[in-house]
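Note that the chains are named A, B, C and D in the order they appear, and that numbering of residues resets to 1 at the start of each chain.
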Amino acid sequence: MDYVINTSLVQQHNAVLRADLEADYAALAGTLARRGQDIEKLTTLAQGFQVALPSWGVGTGGTRFARFPGVGEPRNVEEKLADCAVINQLTGATPLVSLHFPWDKPSDPKALFERAKSLGLSFDAVNSNTFQDQAGQAHTYKYGSLTAMSAAAREQAVQHNIECIELGRQLGSKGLTVWVGDGANFPGQSNLRGALERYLDSMRGIYAALPADWLMYIEHKLFEPAFYATTIADWGTSFACAQTLGEKAKCLVDLGHHAPNTNIEMIVARLAQFGKLGGFHFNDSKYGDDDLDSGSIDPFQLFLVFNELADAALRDGPAFKPAYMLDQSHNVTDPIESLMSSAVEVQRAYVQAALVDRIALAGFQEANDVHQAAQTLKRAFRTDVSPILAMARMRSGAAVDPVACYRTVGYRAQKAAERPAKAGASGSGIV
Amino acid sequence: MDYVINTSLVQQHNAVLRADLEADYAALAGTLARRGQDIEKLTTLAQGFQVALPSWGVGTGGTRFARFPGVGEPRNVEEKLADCAVINQLTGATPLVSLHFPWDKPSDPKALFERAKSLGLSFDAVNSNTFQDQAGQAHTYKYGSLTAMSAAAREQAVQHNIECIELGRQLGSKGLTVWVGDGANFPGQSNLRGALERYLDSMRGIYAALPADWLMYIEHKLFEPAFYATTIADWGTSFACAQTLGEKAKCLVDLGHHAPNTNIEMIVARLAQFGKLGGFHFNDSKYGDDDLDSGSIDPFQLFLVFNELADAALRDGPAFKPAYMLDQSHNVTDPIESLMSSAVEVQRAYVQAALVDRIALAGFQEANDVHQAAQTLKRAFRTDVSPILAMARMRSGAAVDPVACYRTVGYRAQKAAERPAKAGASGSGIV
Amino acid sequence: MDYVINTSLVQQHNAVLRADLEADYAALAGTLARRGQDIEKLTTLAQGFQVALPSWGVGTGGTRFARFPGVGEPRNVEEKLADCAVINQLTGATPLVSLHFPWDKPSDPKALFERAKSLGLSFDAVNSNTFQDQAGQAHTYKYGSLTAMSAAAREQAVQHNIECIELGRQLGSKGLTVWVGDGANFPGQSNLRGALERYLDSMRGIYAALPADWLMYIEHKLFEPAFYATTIADWGTSFACAQTLGEKAKCLVDLGHHAPNTNIEMIVARLAQFGKLGGFHFNDSKYGDDDLDSGSIDPFQLFLVFNELADAALRDGPAFKPAYMLDQSHNVTDPIESLMSSAVEVQRAYVQAALVDRIALAGFQEANDVHQAAQTLKRAFRTDVSPILAMARMRSGAAVDPVACYRTVGYRAQKAAERPAKAGASGSGIV
Amino acid sequence: MDYVINTSLVQQHNAVLRADLEADYAALAGTLARRGQDIEKLTTLAQGFQVALPSWGVGTGGTRFARFPGVGEPRNVEEKLADCAVINQLTGATPLVSLHFPWDKPSDPKALFERAKSLGLSFDAVNSNTFQDQAGQAHTYKYGSLTAMSAAAREQAVQHNIECIELGRQLGSKGLTVWVGDGANFPGQSNLRGALERYLDSMRGIYAALPADWLMYIEHKLFEPAFYATTIADWGTSFACAQTLGEKAKCLVDLGHHAPNTNIEMIVARLAQFGKLGGFHFNDSKYGDDDLDSGSIDPFQLFLVFNELADAALRDGPAFKPAYMLDQSHNVTDPIESLMSSAVEVQRAYVQAALVDRIALAGFQEANDVHQAAQTLKRAFRTDVSPILAMARMRSGAAVDPVACYRTVGYRAQKAAERPAKAGASGSGIV
């Protein structure tokens, strides 16, 4: 039997930290009360927050130069689910898992669904993969998939996506995320307009196979693996395609997929305004699609994204429900630790955004009081809501300090023993 | 009477260079013929090319740090037209002038129209200006114009645009270019979505005043003068707004208005595909909106833009008619020289794009012969079409070497004498 | 007599906020104590922090497109000092002012020195200006100053710098900051190597005039006003020049003067390591040299800069004394408010950096415990030290909430009455 | 016996193209003569040009997402040399090969040296590899190599470099290129200054082992594989390290290793001026270290780099001898074709730079005639020197059209038969 973390171990961990947490919580409660804010509402909000995990994120990632594997890495989808369950157990914020096919293709979808359920997990959007050739594949994607000149390669890619939908349907998923790296490395390699026409044609085939209650998420990315022109390179293209395809097509924003200096929170605002904001792949980056831990490089940007989301929720009401997912590559950390911390960082931004006094803010904006408007956001961002997040976890039965708890119980060491490395195993932390 | 360049002086200039030009032309004709291409067709094409001049471009530009004026700068719209006429006389490629109001506001539009006509000029799209406060203006644009919180400021900006349309109508223009610097310098300063809603509301008012045969050009820009968020920051926003407003609203691409590393020719392809490519502001840049001479920093990029335009023209036929305009700031050169050279550079890219063997290119693309596809573009770009451009000018009665001719006849020195500098004149070369 | 803020008004303001501040301070003290940290040490540190003010920062800035002046702007150096004194009175953190010549050139330096002293101010490094032509100037800087081809222009620029040193000497300054915009807008405009040779030659002349106890600060900047190549574009060039010139030449880092994606804190570490870190111009930016309020766009980056400074101070001891200065352009806010908030933001980063447990950090680094090392910095950054900063101000006799106090006493309205705008006044917030 | 291209096949190819080439050459000779330039001098120059090949470049590269291998890829260093020999045979410009250890580690260096000699090849600088873990390696480089906290890992990396020197010595190489990906993915992961201290300490150990007539090339890179901070991230750091290490340490410029918007030709000028320009890794890029074919994205930039090199050669004479090498990743093209075209592109820039009229240029610069100075460079760049390059090849016994010749003789098909793919072969086109 696989090692799982016994609930009593989490309780022991929490018992040790409880007194300090309660003192910190009380201190923050007082400070917030003096500003007219009720800490309990925020804690309840925090408890309700969820962000999905990428199944591929629990393995060690790498670059084109090298991958340095860790110990105890999951070797199949069942072991990935086990790791995801631990992350959810300790953070209380990640009950959803996003699968990637064919990497995670189950021989028995129903069994996988049940296994996930028994671990307290269910399945978020499924991901297709047409950026790699699989062993035995009839047509290569070297020159593109949904946009390939070869009709056979395009059709193969369409059918793979349709198969993903079918698998997802059996697993209880309600969405398909389509990211393709298709593009060109050189001017002239492909006709830029022709490539998008073929993309739209392929996507119409996939769209037609979507169940009525599903959404399709179109993910744009500036570059890599294509280095001159990427077919779905920016939100404008993603938006135009989503419009062309129909109601169920939405745009997915990965924080690392934009040109330098881009104002990402404004893209969020635009997509929300025009009804096409589907969801997020959260991570952080300094240069390109670095896939670093969420909030590790520019935490204020993450807050500003959630500030837009809070604004949109206020305007659009319960109909506004973008999908939240982590998507990171963990090259030098324990993936479980990075995913736990990242889930907490995203949750932190969500709670900080809830701290913004939106009535005051609107007043300052109305009055062109630029200084006070800016300070209104900064004040919320500066608030250290850590005690709120920890209290939310304790109340939900998760760990006050997820990483400390995880280390204390020795989960990784157990898995290192249970899961000897496969010889030659590589594969990289992707998207 | 103002000094104008006598036609005979141009002819004298050409006579001196004629023999060498004919030899170079014959040499190139032979080389092209060996590749199966007919130089005469290209020369005819070159003769038909036109790019509009910005009235504000004939003055010396500057930065926020300083402006270093030149001598003989035009002091009013009539003198600007005189300079534009010389540029057209010597290049044969710039019979259109784009005016900017209120800078160029004529007291007698009909007289200005006649004056332009007598100089061989007519008027391209007119430009509104709501990024500066004019003396005596009722409402400031410090906090925005079409997006201002103040309804009065917005209405003032709308009325100014409508007045521009009316002036343009009297001058024979058929388009209005709307660029606003509106945005925010700080997170929180404005509600990003609210600002765009106000923008659209204002623009609907302007759109309603457009004559039936006019187009409205929406110009996006990443940043400056706003340094955190610009309301119309990217082509995606411009596109969504143009769609919202209607058929007569199109997107205008200024080559210097994008994030670092952006593939601009792909934006051109996208806007063409979705029917919203309105036109261009040509210039070049290395960092931001540097407004350098067209083709001076990245001539291959300019070629790639025209490569997309040639592709779109082939697909869409005569209906595809984007507007071409130069928009540069001449800080350290004689503005007339820079505009002449820049017009020639844009024309060069147009002719080079016509050299692309599109049937061969399509074949290489179809066959995934990436190397040969890329080389097909490079071969066209590498071709030095200077003799074609010079021959086109000579045949059209313009100058074989416009800058050399301009210097020889001493135009600037004449103007320095005729136009003593106004004390305290500043104002910068803008957009 | 000019309006000054009476001390009793500040005390009244503080009296109102005192109880809440003490409660917040006690709450934070408890939380810090539970982490093993002593709030009183931090408060003492905060009280000792100083950052200089730029004399030009108290006026409203602008862009090449427009400047929208505010009311009550200072019209001469004496009025600038008055505004600076208020900033120092309310923040307790800005007793130094940096002057810019010839803008601030005093007719009687001794009188200005005394006036500053009476206001509690003294003078930081002085700044030369060879990026603009002054009325009546013999040689233009249109084509460069310290790097100009014209020997006369170079000599004029050198002499101006020497005059700045002499003025600074009389004012008690101990440093000269040299920023030149010299460069090229086009490939070929200048010989890149020749320009730097001339720069070094000019700088040797200035260096020779430095008093023994002075430092010379070389400021690099990627671009603007030159748009193709800037002679002192990066820290590498600044460093090589400082090495060439000698011991008294140091490098000055302006946070907004780097290429996109640059890791600025690493530049700080490098310059400290090689003994050439002279000081800072603090501000924030999203795109270029946006000159926004410090910490307004990327507060974590500001913290990381101070994290390097704390590390260097630990290594190098009291000999490590970089100069701190604000350098911002206030286009849409009250400059006094922006400068007060910015001084507080820089102070905040300084205190947060002091919160880093450097022994624990070194241990995690030694053990390659990447996750905990990263969290050690994040934990310090997340701490809301606002009560420490406010308590430091109250104890120093400054205002608990500087902006609120400033608004309450009506300083700007008083100045609007005292200082009617000069007709045609412009000039922009620069560097 | 391995297939090699028979000389007579190349002669047959040339015979077919000879007449057209001679006509094109004569046409260009006339045009150049009319400008006062002698085509023969340029052709002689072109014949003397050499650029080294990277041994790893003859295999298909990839990204972290996928590698799509081609057919007939070389499976060992001997097969790589065979491919390099063909490139040199057909271009006449690439007689040097740069090896990468341990990838190319020969069991018998003397035999490899002889084999290369028999193919007309010799060895350029050798490259060490401490960015990957090799099977059986004692200490991991997961957390760095020359900068690792682990003294054992550092020592292992130093010893590997010393072993590379010894291998290179036996192979006739005269240089060692050191690129390390060492750095951090998160703020706090490593002490930025400590890491550089350890780097310098390790490098001193390697430097001490350099033979007297060797150079050490330090290669900087902004990011990847480290995504927050790279120890040798920019030319400033590389320069400071080269200075610290001594005379034999030089800086190597890879065109794809800089921040967006960086003026690379100015870095070249700076390193030349301060005596530390060691050499180049040529390639092209649009986003990051894209490793695309040289001159494929921004050919004008490549020309401007050679313009600086021509200026430095003029100033510094024969002592100025930077090393030229291609370093590209060929993901979607036949690597042999890309390397041939890229060698020609670099040679093209070299010849175009030789076309610059440097006396005229200096005169325009002296006179601040910005327009004509810029046009002087543009005129040289616009000249299509293809006939010169082809004639140089024909005269040297290489192919008039290397790619056409290579295809005609069917080299790749022969190799596909001779070299069946190794199962599971991957490895990516690196650096």
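The criterion applied here is as follows: a residue touches a chain if its C-beta (ideal position, glycine included) is under 8 Å from a C-beta of that chain, and two chains touch if they have at least 3 such contacts.
Fair warning: this is a prediction, and the values are worked out from it, not measured in the lab.
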Next item on the list: Pick out whichever of the two, B-D or A-D, is joined by more C-beta pairs in contact.
Entry: A-D
Checklist line | Most remote chain, CA-based centroid, reference being subunit D | finding: C
Next item on the list: Would you kindly tell me how far, in whole Å, the mean C-alpha position of subunit D lies from that of subunit C?
Entry: 43
Next item on the list: Between subunit B and subunit D, tell me the centre distance in angstrom, where each centre is the average of that chain's C-alpha atoms.
Entry: 39
Check: Of all residues in subunit B, which are in touch with two or more distinct other chains?
Finding: 142-143, 185-187, 189, 222-223, 228, 260-261, 263, 286-287, 293, 296-297, 300, 332-333, 368, 370, 374-375, 378
Next item on the list: Can you check the complex and tell me which residues of subunit D touch subunit C?
Entry: 142-143, 149, 184-194, 196-197, 222-223, 228-229, 233-237, 239-240, 258-263, 265-267, 269-270, 272-274, 300, 304, 307-308, 311-312, 315, 361-362, 364-368, 370, 373-378
Note to self: Residue numbers of subunit D touching subunit A in their complex, please.
What the structure shows: 61-66, 68, 131-133, 140-143, 181, 185-187, 189, 222-225, 227-228, 260, 285-288, 290-293, 296-297, 331-333, 424, 426, 428, 430
Check: For the complex, which residues does subunit D have touching subunit B?
Finding: 20, 23-24, 27-28, 30-31, 34, 260-261, 263, 286-287, 293, 296-301, 332-334, 337-338, 341, 368, 370-372, 374-375, 378, 381-384, 386, 403
